[in-house]
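Look at the two complexes coming up: subunit A is in both, with subunit B in one and subunit C in the other.
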Partner chain A sequence: MSLTSIPKPRSTYKAGRSNNFEMNSWLFMRGSGLLLVVLVIGHLFVNLWQGDGIQQIDFAFVAGKWASPFWQIWDLAMLWLAMLHGMNGLRTIINDYASRGGTKFTLKTLLYFATFVTVVLGTLVIFTFDPCIDPASTLEVCTNR
Partner chain B sequence: MDVTVKILRYNPEVSEDASWESYQVSAEPTDRVLDALHKVKWDLDGSLTFRRSCAHGVCGSDAMRINGKNRLACKTLIKDVNPSQPISVEPIKGLPVLKDLVVDMEPFFDAYRSVMPFLVTSGNEPTRERLQSQTDRERFDDTTKCILCAACTTSCPVYWTDGQYFGPQAIVGAHRFIFDSRDEGTDQRLEILNDKEGVWRCRTTFNCTEACPRGIEVTKAIQEVKRALIFRR
Partner chain C sequence: MWSWVAHRITGVTLFFFLFAHVIDTAMVRVSPEAYNVAVETYKNPIVGLMEVGLVGAVLFHAFNGIRIILVDFWWKGPRYQRQLTWGVLGIFVVLMVPFVIRHLSNVFGH
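== the complex of A and B ==
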């Protein structure tokens, strides 16, 4: 109501479209960062610390984890958050350092493309993973079928 | 004592390149770097060009990069900048250098102007002054101290790489009015700083806070504006 409209002072500032995109992406960096701390430390703990530590990691270990929807969701969240967080971080850096519009556009196109491919492939792997892809597999899930 | 002052000289009428020149002057440890610059200009080389006016840290005209840090030459004592070694003096970074230590401040002032650094009100003028409680006045006291020296903005790495960013000073200037209970232009100013060149480009480097010769908590002011944007409405 009390929003006054007075002419803008002389300046080179040109208002872009007004939206909260930069604010939301700033908030996302903090939110995803916090979640990543939990997800990544949990991931490292279970994979590298618990049990036999790094020696235990093989095909069977991954197959065992992804048999549970819990770890599927965990890894999916880690994949999406890390990729989007990293992508948004790089977008910020491109905005900082690339000064020509063309360079900005090219770098961002490459970035979004790489992110898209990685996220889609990663998601596909998590959900279509087949522990018995090898017909000669000796894993319990496969021999008991 | 004898001190060496190493100054980054630049004169586009002579050469496109800037170059370091060293000058020996005698100075007291309690003299200021500005006094040393005066000695160079008055006694050794009259072509040295720099801005200064008040010589007492009030006008904000002599911000420069001394030993790699942005400071006011008139508030920096020789003894505090390791005078046993040559003292380096350069123009502040990120604004076009016109000559020697003089930079073009227009882009900096443009950013300041675009946040509407003046009281915005509506309705009838009161017959007396616009009253405000002491607590309300205290709220933005820190940012009233700004002298527009540009030390903060030209110490910011985001501003160095991309001068489109409003820079810390413009946010300090906006903060001064955003948190003033008498002002009614808050929404407009917040909207301006919500822009893609606005507060969200700040990476909390704290260079600005360290550079400010007035001791303004610049980074804190920026964070307060971010917070106001997140929690508005």
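== the complex of A and C ==
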């Protein structure tokens, strides 16, 4: 038997049709990753490499950094991007390893809850930070007013 | 394969550390003393060594992440797979060695 024409496939699958959510989150992992290289390595450079490194970290150090909107925005962007990037990465890992629907649901609920709490807490801390929370503070910003 | 495993393990490690790190930093909203007590634990020699591991995890994950992005988006990326992997390990060593020296002298030298 010889076929002179190949019949049209009955499948309605279109190559261009893709899962937009997974595609967007794949892209987000790469975009946020690139930004995080700068944000995280810059954060480590200023806090752990410059000056006395880990020994310099105390309340006054934080007050000095968050006196500037530059570091507030830096830390805010780092918090949000790292948490969402990490959350999305963990979502993939849960999808890979948790086989039972119930386990998957429980782990993801826990993941989204922990992410939400951490992002909200961190954001509030950055925006409501008060260098003079201690009325007896001897920091320069507090004694000069 | 091993770099995929390492990328996964470092990613999960960093996520859990970040969760703890936001909570310890949140102590600045309690009182200067509460925050200073929290960061004092980071200056302990054992935690100081764990910080080396965390910074190592960040550096590996970051540069291996750039490698993944290059393989995905750069048209020559797949062809230079092997060289890119060596590049990741090279940058990792070049950044880690000075960091370990400086950080451990801060941790143990005070």
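Operating definition for what follows: the second predicted complex is superposed on the first by the 126 of 145 C-alpha atoms of A that agree within 3 Å, B and C clash if a C-alpha of one lies under 4 Å from a C-alpha of the other, contacts with A are read in each partner's own complex, and residues count from 1 in each chain.
To be clear about the criterion, contacts are C-beta pairs under 8 Å (C-beta built on N, C-alpha and C of every residue); 3 or more make two chains touch, one makes a residue touch a chain.
This is a predicted model, so every value here is computed, not measured.
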Output check: A:82 vs subunit B and subunit C. Expected answer is one of first, second, both, neither. What do you get? second
Applying the document's definition of touch, where does A:143 land relative to subunit B and subunit C: first, second, both, or neither? neither
Of the two partners subunit B and subunit C, indicate the one touching more residues belonging to subunit A. C
A:21 in the overlay: touching subunit B, subunit C, both, or neither? Say first, second, both or neither. first
If we overlay the two complexes on their shared chain A, which of subunit B and subunit C does A:52 touch? Say first, second, both or neither. second
If we overlay the two complexes on their shared chain A, which of subunit B and subunit C does A:122 touch? Say first, second, both or neither. second
Would you check which partner chain A:99 touches, where first means subunit B only, second means subunit C only, and both and neither mean what they say? first
Could you say whether A:40 touches subunit B, subunit C, both of them, or neither, answering first, second, both or neither? second
Overlap of subunit C and subunit B interfaces on subunit A (superposed complexes): none
Residues of subunit B that touch subunit A when the two form their complex: 107, 110-111, 113-114, 116, 120-122, 158, 161-162, 166, 184-185, 187-188, 191-192, 194-196, 198, 200-201, 226, 229-230
Subunit A residues touching subunit B in their complex are 2-4, 6, 8-13, 15-16, 18, 20-23, 25-27, 95-97, 99
Report the residues of subunit C in contact with subunit A in the complex, numbered from low to high. 8, 11-12, 14-15, 18-19, 22-23, 25-26, 28-29, 31-33, 35-36, 39, 42-43, 48, 51, 55, 58-59, 62, 65-66, 68-69, 72-73, 99, 102-103, 106-107, 110
Within the complex, which stretch of subunit A touches subunit C? 30, 33-34, 36-37, 40-41, 44, 48-49, 52-55, 57-60, 62, 79, 82-83, 86-87, 89-90, 93, 114, 118, 121-122, 124-125, 128-130, 133-134, 137
